[in-house]
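Next come two complexes built around chain A: one with chain B, the other with chain C.
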Partner chain A sequence: MTFLEFTEGPMWRFAAFVFLLGVFWHLAHWLMRRHPKDLSKPLGSGFAGAVGTLFRHFLPSPHFLSRNWLVTFAGYAFHLGLFALVLFFGPHIEFIQTHITGFGWEPMPYWGFIVACQLAFAGLLILWLKRVLDPVLRLISDSGDQVGTLLTFIVMLTGCMALMQSYDFLRALHMLTVNLWLIYFPFSRLMHAFTWVLSRAETGAVYGRRGSSL
Partner chain B sequence: MQPADRRDRRFHRFVVMGWMLVWVVCAAAVTVDSAAAQGQPAAAQATAEDNNPRANFWRAIRRGVEGYSAVQGQETNVLIQGSGENWRMARERLLVPIVSGLLGAVLVIILLYHILHGRIPLEGGRSGRRVRRFSLNQQLVHWFAAILFVLLGLTGIVLLLGRSVLIPLMGKDAFAVSASLSKEVHNLFGPIFILAVLLMLFSYIRGNGFSRIDWLWLKRAGGLFGKGHVAAGKYNMGQKLWFWSVVLIGTVLCGSGLVLDFAVVGQERWIMQLAQISHVVGAVVLMVAGIGHAYIGSVGMEGALEAMTQGEVDANWAKEHHSLWYEQIEAGEGNPAEGTKAPQAGSAPAAGAATSGR
Partner chain C sequence: MSARNTIDRLMERTNPAIASYLDACVHCGLCAAACHFYETSGDPRHTPAYKLKPLEKAYKRHKAPFSNLRKAFGLAPPEVSDGELREWQELIYDTCTMCGRCTLACPMGIDIAGTIGVMRTAMFEGGFTPSDLVEQAQRAKDVGSPLGVTPELLAERLEWIADEFETEVPLDKTGAEVMLTASSIEVMKYTESIGSMAKIFNHAGVNWTFSSKGYEATNFGVLSGNGDVNRTMVTRLVDAAEELQVKLVVIPECGHALGALRWTGPNVIGRELPFEVLHISEYLAKLKRDGRLKLKSYGKPMTYHDPCQVSRRGGATKAARELLNGFAQDFRESKHAGTANWCCGGGGGVISISDPKTVDGRLKAFKIKMDQVDDTEADVVVSACSNCRLALDDGAKHYAWGREITNLAEVVAEQLEE
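Our next item is the complex of A and B:
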């Protein structure tokens, strides 16, 4: 078995298993939490509050935008760029079709890949630098934050190295880092990729029920 | 004269002599190469005409005279682009030795200086008072550009020098992998450097305009001639030259890089070759200066690195190296060249508008 066969075979299956199990366990735990019943009279709709908050908060707060414009834009650039790279880059779709879904979809054009790549890399670098340079952020960050960022950067970098798919070693290296990232994911703050929806909706619902909006 | 001043002067003389030596060697290499190349054509032409009646035909092809081809596209009627060979020779026989020689020479000079001279100390010691030098955004932009610069520099060196330097060291197969990954990383990170240059320009342009005091600094070569430290504002002439090099040469690098990276807008080969040469020359100038900048801003000078890691410097450091700027702060003018607000109440005591105690 070659290095590439190992990373795309048994290691990939193990990493995907850990990832799915971990994410499922986290989400199930979150959904099955028991809250004390709110006996107060509702002044508004919790559901409307949840949905409204969920979508309204896609837009940056004007207050933060003026003070932290660089980091705000970097946050959008990184997340949107990474989303496009993971789900709409041709070789990724091919991999998903072969190993997961059995079907594929239209990939983004090459220029779209270039733009997404630039946005993701620039955004991640700026966000990480902000974390290590800002005294307050540095204080409230722990090794988990740094490892998650570093691992994500390495996954992106190895993917970038393997772009031409000319060498099996580079492709295997990318798959190795992807597998490590998947295994680390459920035990880290990378879980925010799933939990942001739940936490934002819950906060919106609580405030919506009280008749106010965030 | 203080011992530190004497050491500074010796250092400056050492650097200037080192540069002169490097340029003399480079100029000699270029002259020898040109002379060797000029001696060949006349003899080769006479031999070709005697032996080959179609010599003029092939000579025309070699000169890039257009013929006809059913294939339509950029320069498809040109069978051989003669200047391509010149470009290849210039790259392999001129650029590669000069670049490797320059980078090696700079590293050796800095290493020797550090061994002989050591770190430039804070003569007055640490005062315990801190002066805000850079805002968080300025620090962020600096490191953003620095990380990209190092990444692009390393991958660029692999691409330029790999064939001559790395293949003998690591073999063809391993080099092929490293060249492939370097090419992809270089091409994908390159366009981000445009953003870095723009951010550098807007974040640091304030205070980097030239004034009379800078010419005095230059006249005395940063302390090489005359007594004592040379007065400087927020940025001295060396720093200003570095800033404008980053902006101007960085613009050349970005422009030529785009020409090379996106060969889809009809640029001809000679434009690509010109872009490649200017890209390499610009990059090497920036790398050589960047190595010096990185050295003096980190291990080469006590108290310098914290300006970029913490945004603050010791008051004595400011007084010794940027006396005019320090005087402005002491006079309560804040950080006039910084482009940031003075520290908020609660984060700094009243000892100067932008100083804080520790």
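Our next item is the complex of A and C:
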């Protein structure tokens, strides 16, 4: 078995298993907790509040944008760039088709890949620089934030290095880092990719009942 | 002091909402810009997300998914210590008004103010609550009010107010439909607020009363984190309202009192309230909507300060505007008004903490409020919370600020058509 076959075969299956099981366990941990019944008489709808807050917080609040613009736009750049790369880059679609879904979709053009790459890298670097230079972020960050950022950066970097598909070693190296990232994911703050839904919905439901929209 | 008690309480109170918050926070720091204490002190420790750190640590160690696995591999955070909690007292009480503005800035929508409220209950259990708040909460439980307003004193003050404002102020009136409650700040300092509410209610023909068994709307149990006092204060109001068989309880011009009775009160006593609860701004808006208020227009340039617990966290942002609309001829809405309004700096019990460092921090935070109001160039600042008014008055005195500060009920009462 070659290094590439290992990383795209048994190791990938193990990483995907850990990822799925970990995410499921993490979310089940939340679902299994008892939500105490709110006995106050509602002024508005908790459900509508939850949905409203879910979507409202996708957009930056205009009240803070002048102060938070750098992190806000870097956050958009990184996340949008990364999503485009993961879901619309040709070799990724090919991998997803072969190993997960059995079907594929139209990849983005090469220029789209370049733009997405630049956005994701620039965004992540700005967010990381801000984390290490800004006194507030330095104080509130922990080792988990740094490890998550570093792992994500390495995955993106090895991905760029593996662009030339003929170099099996580089492709295997990228898969190796992807697998490590997947294994680390459920135990880390990377879980925010799922928990943002819970967090926003919880707040939205509470304040929606009160007739307020936070 | 015992960190163990605090940790146990924290874990007991970590419900699904709080768990989701602690799992979702990405330490982005965007909440800092929303906090008046951080904005005026520049101290990174005042960042709202940082104030949750002891809870986050305890959660990761004891209750988060995979916490046992983390402990087994030596990756769990260390136990929260007495020293940390002593340090955090300032962050959880002295420099947080639980205004909830930080939630608006949070991409994850984390209810930091609500979580601080839960942390306060745990801090109280461990003995990490500022003595000023502990004493006021205890006094409220022992004598009926944090400022020492006993039922006898209340009766005396209401009689005096009735004479002074030449209006009826009923007490323990059977058959009343509406029970008005009071903040002890109003009973002792801002009596014109009670006189004004009485005048308006009588003008509108409301069948109302005060109760000598449940009158204190402020709840230092909530502010200090003393759950026992919280329950006692809510129970007194509920029992009094049930005894009088009123249909409606009106919360006076007090912010946190609205949440304490209407939004969290039923959960504290474990049953639904058999009556409606409205903040005075909501009730005045309703009286106006029903055509029961005949008002002369108000001409002075005026702006409205949204009390955080009434507007952002209370759901009554529109009520004051509905009341002022068409009545205040020169109403000037300030930047960030409404849900994103800046706090006065004195909420959450902060104004009751006498430590000079706390007072200094509060007064610095108040500068933001002054700037916000000054930008409107309004002569009059109106609020609907006596606690906010106290903070505004204190700040105005400190900075020799020339704005006229008043409350909603007073403005309305002054303009009633005879």
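Operating definition for what follows: the second predicted complex is superposed on the first by the 214 of 214 C-alpha atoms of A that agree within 3 Å, B and C clash if a C-alpha of one lies under 4 Å from a C-alpha of the other, contacts with A are read in each partner's own complex, and residues count from 1 in each chain.
Convention: a contact is a pair of C-beta atoms (placed from the backbone, for glycine too) under 8 Å apart; a residue touches a chain by one contact, two chains touch by 3 or more.
Treat the numbers as computed from the prediction; the structure is a model and nothing was measured.
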Next on the checklist: Based on the shared chain A superposition, would you classify chain B and chain C as clashing or fitting together?
Outcome noted: fit
Checklist entry - Between chain B (first) and chain C (second), which, if any, makes contact with A:Leu70: first, second, both or neither? => result first
Checklist entry - Regarding the shared-chain residue A:Glu8, is it in contact with chain B (first), chain C (second), both, or neither? => result neither
Checklist entry - Who contacts more of chain A, chain B or chain C? => result C
Checklist entry - Does the superposition put A:His192 against chain B (first), chain C (second), both, or neither? => result second
Checklist entry - So, A:Asp134: does it touch chain B (first), chain C (second), both, or neither? => result both
Checklist entry - Which partner does A:Ile114 contact after superposing on A: first (chain B), second (chain C), both, neither? => result first
Checklist entry - Put simply, what angle do chain B and chain C open at chain A, by C-alpha centres, to the nearest 10°? => result 110
Next on the checklist: Between chain B and chain C, once the two complexes are placed on the common chain, what is the minimum CA to CA distance in Å?
Outcome noted: 5
Item to check | Shared contact residues on chain A - chain B and chain C | outcome: 134
Item to check | Interface residues, chain C side, partner chain A - complex | outcome: 15-17, 19-21, 23-30, 32-34, 38, 44-45, 47, 49-50, 53, 64-66, 69-70, 100, 103-111, 114, 262-267, 270-273, 276-277, 311-317, 336, 339-340
Checklist outcome for this item: Note: in the complex, chain A contacts chain C through residues 22, 25-26, 29-30, 33-36, 38-41, 43-44, 53, 56-57, 61, 63-64, 67-68, 71-72, 75, 131, 134-142, 145, 186-187, 189, 191-192, 195-196, 198-200, 202-204, 206-207, 210-214
Item to check | Interface residues, chain A side, partner chain B - complex | outcome: 70, 114, 117-118, 121-122, 125-126, 129-130, 133-134, 157, 160-164, 166-167, 169-170
Checklist entry - Residues of chain B touching chain A in their complex? => result 136-137, 139-141, 143-144, 147-148, 176-177, 180-181, 184-185, 188-189, 191-192, 195, 199, 309, 311
